[in-house]
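What follows is a set of structures for review.
In the two complexes below, subunit A is the common chain; its partner is subunit B in one and subunit C in the other.
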Partner chain A sequence: MSPHVNLIETESLEKRYGGTVTALADLTVTIEPGIVGLVGANGAGKSTLIKLSLGLLEPTGGKIRVLGLDPLTDGNAIRARVGYMPEHDCLPPDVSAAEFVTHMGRVSGLPAAAARERASETLRHVGLYEERYRQIGGYSTGMKQRVKLAQALVHDPELLLLDEPTNGLDPEGRRAMLALVHRIGSEFGISVVVCSHLLGEIERICTSLVAIENGRLLRSASLSSMTQHSDILMIEVDDGEDALSERLSGDGLAVRRKDRVLMVTLNGDNTFDMIRDAVADLDLSLHRLEQHRHQVADLFREEASHV
Partner chain B sequence: MTAIDTEPRTTTVKTSAVELTGVSHWYGNVVAVNDVTLTVGPGVTGLLGPNGAGKTTVLHMMAGFLPPSQGTVTVGGRPSWRNPDVYRQLGLVTERESVPGHLTAQEFVHASAKLHGLKDAAAATAKAIGIVEMNDAKDRRISTYSKGMRQRTRVAAALVHDPSVLLLDEPFNGMDPRQRLHMMDLLHKMAEQGRTILFSSHILEEVEQLSGTVQVIVAGRLAASGDYRHIRRLMTNRPHVFTIQSSDNRGLGAALMELESVSGVELEPSGLQVRANDYGTFTRTLTKVARDKDIRLTAVLPSDESLENVFSYLVAS
Partner chain C sequence: MSEAGVIHDIGYQRYEGPRLGRRYSMWSIYVHSVRSAFGIGRTAKAKLLPVAMFTLACLASLIIVVVSSQFPEPILSYVGLVSTFSYGITAFAAITAPELASRDLRNSLLPLYFSRPPHRTDYALAKFGALISSVFIMYAGPLLIMFIGMAFSSGSIGDVFGELGDLMPGLASGLIHSVVVAAIALPLASLTGRRVFATGLIIAVFLLSAPISGALQSFSRGDAAYLAGLLNPVNLLNGVDEWLFGTVNEITLIGRFGPIYGVAALLLAVLGTALLMWRYKKVKS
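Take a look at the complex of A and B:
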């Protein structure tokens, strides 16, 4: 895949349903290769953007290009190069995963033999082994999510669109799904656009983030720029917070206390030594010493406080 | 943030605990809950467990929907099964989202108030809708609401009789980030008033933010209960892993390796990975060792203390 081709590029993209509902209004964004988190409130227009990208809907204004192609005229070419994992339950209950994924491979244009081989390989990648010969109707949520991912991967796409891939999964299932998505993005070199409401997940696996709000772009940035260090050090000790707080204030540092955590404003590298010595002198247990990072959730906290 | 505009009449409510003593529940031959004894007191408590562990069965027994096959379930000291009186102090928000779309939030919550036989149903309705901050939309039909608004409406209906115990099954499901923050604030506020709030969730980061206190159910049994950080400390057979960044990782690593309390040290790109088999001694000694060697500590991160780690240890063991 040429690294210079943008995944999705939109210019003043607009989509209205009927005359009344505006899902996207004047959205201009460029999504570059990588693992990209797509976030936004319910109804912000995420699903509409995905459907427009796949050529399943027609925009009412503006332009959209996916992998350099126009979804309206080159819909088939795009769908051959893009894999899509929908959010809702969309699997037929009365066929096996092996049959279903093979079928989806053939729909994407693979010859019968290749489709069968790819289906087998892809199901193994997503962690479905003997179960694949059982009917999908009897699968757990976690297994169904894996089948949905496998059918999106079977034709070896360049871009994978995942809509809420961890929906309904329990902690172990989520961990496994996130590890899988991260592996697809980093080891297989397939670009991924993942929609999620769980900002912690986005922070864990994504390289960049696009936030949309009311059909417009709210923010597009790399994850590292959104989770930069701030100049606050967070200190946790086991008992003795008061003594430590007093000592550090006495040393001339700005100390705030939030529950069990002491927040100290970093004032040159000396601050680190002052904290170390204070903890040692007071004979305390140092549980955590960490420079505070901004979180993706701050984006929504700031917004919420403006309302 | 808009403040609660209908201030609750009482800022503190009567507190009640939910208690399970030797409780089992079986469906035919399937044992869903197996000899569970636990107490949930005032504050926010997370109910955790893998799919199929028995969380919903536990919640339904607490709410009096299911009888325990064995043992007793009490709310505020009185049994929950076949005891309609319990609903005077208990509210439940079920996992399945079933609200009549043709009603407005106002009508739905008011109906709930009347079902509870409240004397002043209108005032109770206004108050509950105020608490969940749904005043602006309360006269629109529920079918036009977003998922978060529907969820808040359901919480209002469960709250209308000012219960001291609120049970919520997966309250964050399908909510977007802002709605999640909002719901967390709401649960916090209600807990501060002295209510007992128990919610089930799969999103461990959120449980971590909302409450340190958890009840973990694995395969129908209570695997752990209490503050997850304390639970982690009690797992003495697992070394505590710390990631440390300093001005001289190699020098610090060599010095730490001499300590009795350290069982292993690794140099990683992210910093120094230290496995400590004696948590108390190690955390007390670390700063002294660094000071003696004149090494600057810039980060000390306990890397297997998160609720997610604690949970995976519990599920695996």
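Take a look at the complex of A and C:
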């Protein structure tokens, strides 16, 4: 895999359905290798962008390149190097996962023996062991999602396109699936574009985020550039926020207030000590002191509110 | 979950081996489809119907061989066997075509195929080939049993070659039947994801036209009677047998219109294939 080829590049990309419904309008974005979160509300155009990338749909305007190739002319080459996990159910109930993933590996061009070997290996990687010989119809939603992921991974793609991989999963299932996606991106060395309408969920595993809204680019940035100066502590106390805010500001900390919560920019370990001392000196009861995890989400939300 | 540690230990291996092209992908879809037509790699329930039908056809053939051995002349030629079995085998096609086409539609499998190297038309052709082959197997099994039976009961090695010579038109006829039956059944099956509807649709086309065609053939005079066979796919195919191989069974009266039957069969096959391609170009994925 050549790390310098952009995963997906679009230029004024437009897709209209039947002349009336506009799924994508003038989308210009460059998605670089890594684990990329593609976020937006339902109907923002995420799935459409994925389908255009695979050449499953044709754009009505603009340009798109995937791994440096044009899906319309080099669709075969792209489809051989990309793995796709659709959003909706796409599994036959009356075959075993082993049989199904092997077949999909062969359709991707793997010789029969290699397909069989990679299928069981891939199913193991996604966490399906002996149950892979059972009929898919009897699987739980979580197991089905794993099979969907395995069929996208069986031919060792350079790029994985995952459309809402946590759909229909319970919180524990979501966590496990996201951990899996993160491992694929970081340990397996496969670039991942993962769609989600839940920003808070995927921001933890991504190296960069692309937000689209109503078929337009809202924001695209690497996560490090967004979170560089965003380590924030949230403090909640029983009354006395004003006094605490004053005290901490007096100590030289940057304090912001949001309703009853104080947000303090983390400035090394002694920030914790200063907060502890301030709370103790003012004799307040501390309810919550935690590192703020949703800074990126806030950035996006602020951005969105300006649009 | 606890498997995280285990997964970590195994380590991910990149695949460095060969990646075969579109043709191989098509071949894979074809092989998988023929297998699933007979329930191989699926549940015992899925095997039941196709295997039972195949066994039944072979048994029927065996009985014909045994009965024939009691007479100086065989009661049914190889081509006659194909013509006779055709109605039963259209029932097989009515069950198998939805198995190949409707199942994938129903389970939304098409996005998985179309996001891989094969094109939409490759997929359609692979499925078409698979249905032709599956139907052909249903003809070829009984034909081979008949051949083996005849060859064993014949006196000399020369007779065996004679039988082989007779078998060839039978196989050719079986192939023509398979192609035309598949060209009708598969486009119909590709219209719906509901297997029951697809089967009903196919049976309707094959069976409902039969009495119309048969009645016209019996009650008309002259040319109209000879052309009535065109109205039903099976009668049409038997007419083609009549024209090409000159069977003596006279299931379909064709008179001097043999070539018209040939052209009609060819048109049906071409039209069916074209419709199938068109359907899969349009189908949502």
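Definition applied: the second predicted complex is superposed on the first by the 232 of 307 C-alpha atoms of A that agree within 3 Å, B and C clash if a C-alpha of one lies under 4 Å from a C-alpha of the other, contacts with A are read in each partner's own complex, and residues count from 1 in each chain.
In the analysis below, contacts are C-beta pairs under 8 Å (C-beta built on N, C-alpha and C of every residue); 3 or more make two chains touch, one makes a residue touch a chain.
The shown structure was predicted, so the numbers you read here are calculated from the model rather than taken from an experiment.
Of the two partner chains placed by the overlay, only subunit B lies in contact with A:277; subunit C stays clear of it. Contacts of A:197 after superposition: subunit B is touched, whereas subunit C is not reached.
Once chain A of one complex is fitted onto chain A of the other, the partner contacts of A:221 are absent, as it touches neither subunit B nor subunit C.
Once the two complexes are laid over each other on the shared chain, residue contacts for A:72 go to neither subunit B nor subunit C. Of the two partner chains placed around the shared chain by superposition, subunit C is the only one that A:125 touches, whereas subunit B remains out of contact. Applying the stated contact rule after C-alpha superposition, one finds that A:94 touches subunit C and leaves subunit B untouched.
By the document's definition of touching, of the two partners only subunit B reaches A:287; subunit C does not. Touch criterion met: A:109 reaches subunit C, while subunit B stays clear of it. Shared interface residues of subunit A (contacting subunit B in one complex, subunit C in the other): 172.
Of all the residues in subunit B, the ones that touch subunit A in their complex are 1-2, 48-51, 146-148, 174-182, 202-206, 280, 283-284, 286-288, 290-291, 296-302, 308, 311-312, 315. Across the interface of their complex, subunit C is touched by residues 54, 56, 76, 79-80, 82, 84, 86, 88-95, 99, 103-104, 106-111, 114, 118, 121, 124-125, 127, 129, 135, 151, 155-156, 172, 176, 179, 183, 187-189 of subunit A.
Residues 1, 3-4, 7-8, 10, 12-15, 17-22, 24-25, 28-29, 32, 36, 41-43, 46, 103-104, 107-109, 111-118, 285 of subunit C are the ones that touch subunit A when the two sit in their complex. Taken together, the subunit A residues at the contact with subunit B in this complex read 39-44, 140-142, 169-175, 197-200, 238, 269, 272-273, 275-277, 279-280, 283-291, 297, 300-301, 303-305, 307.
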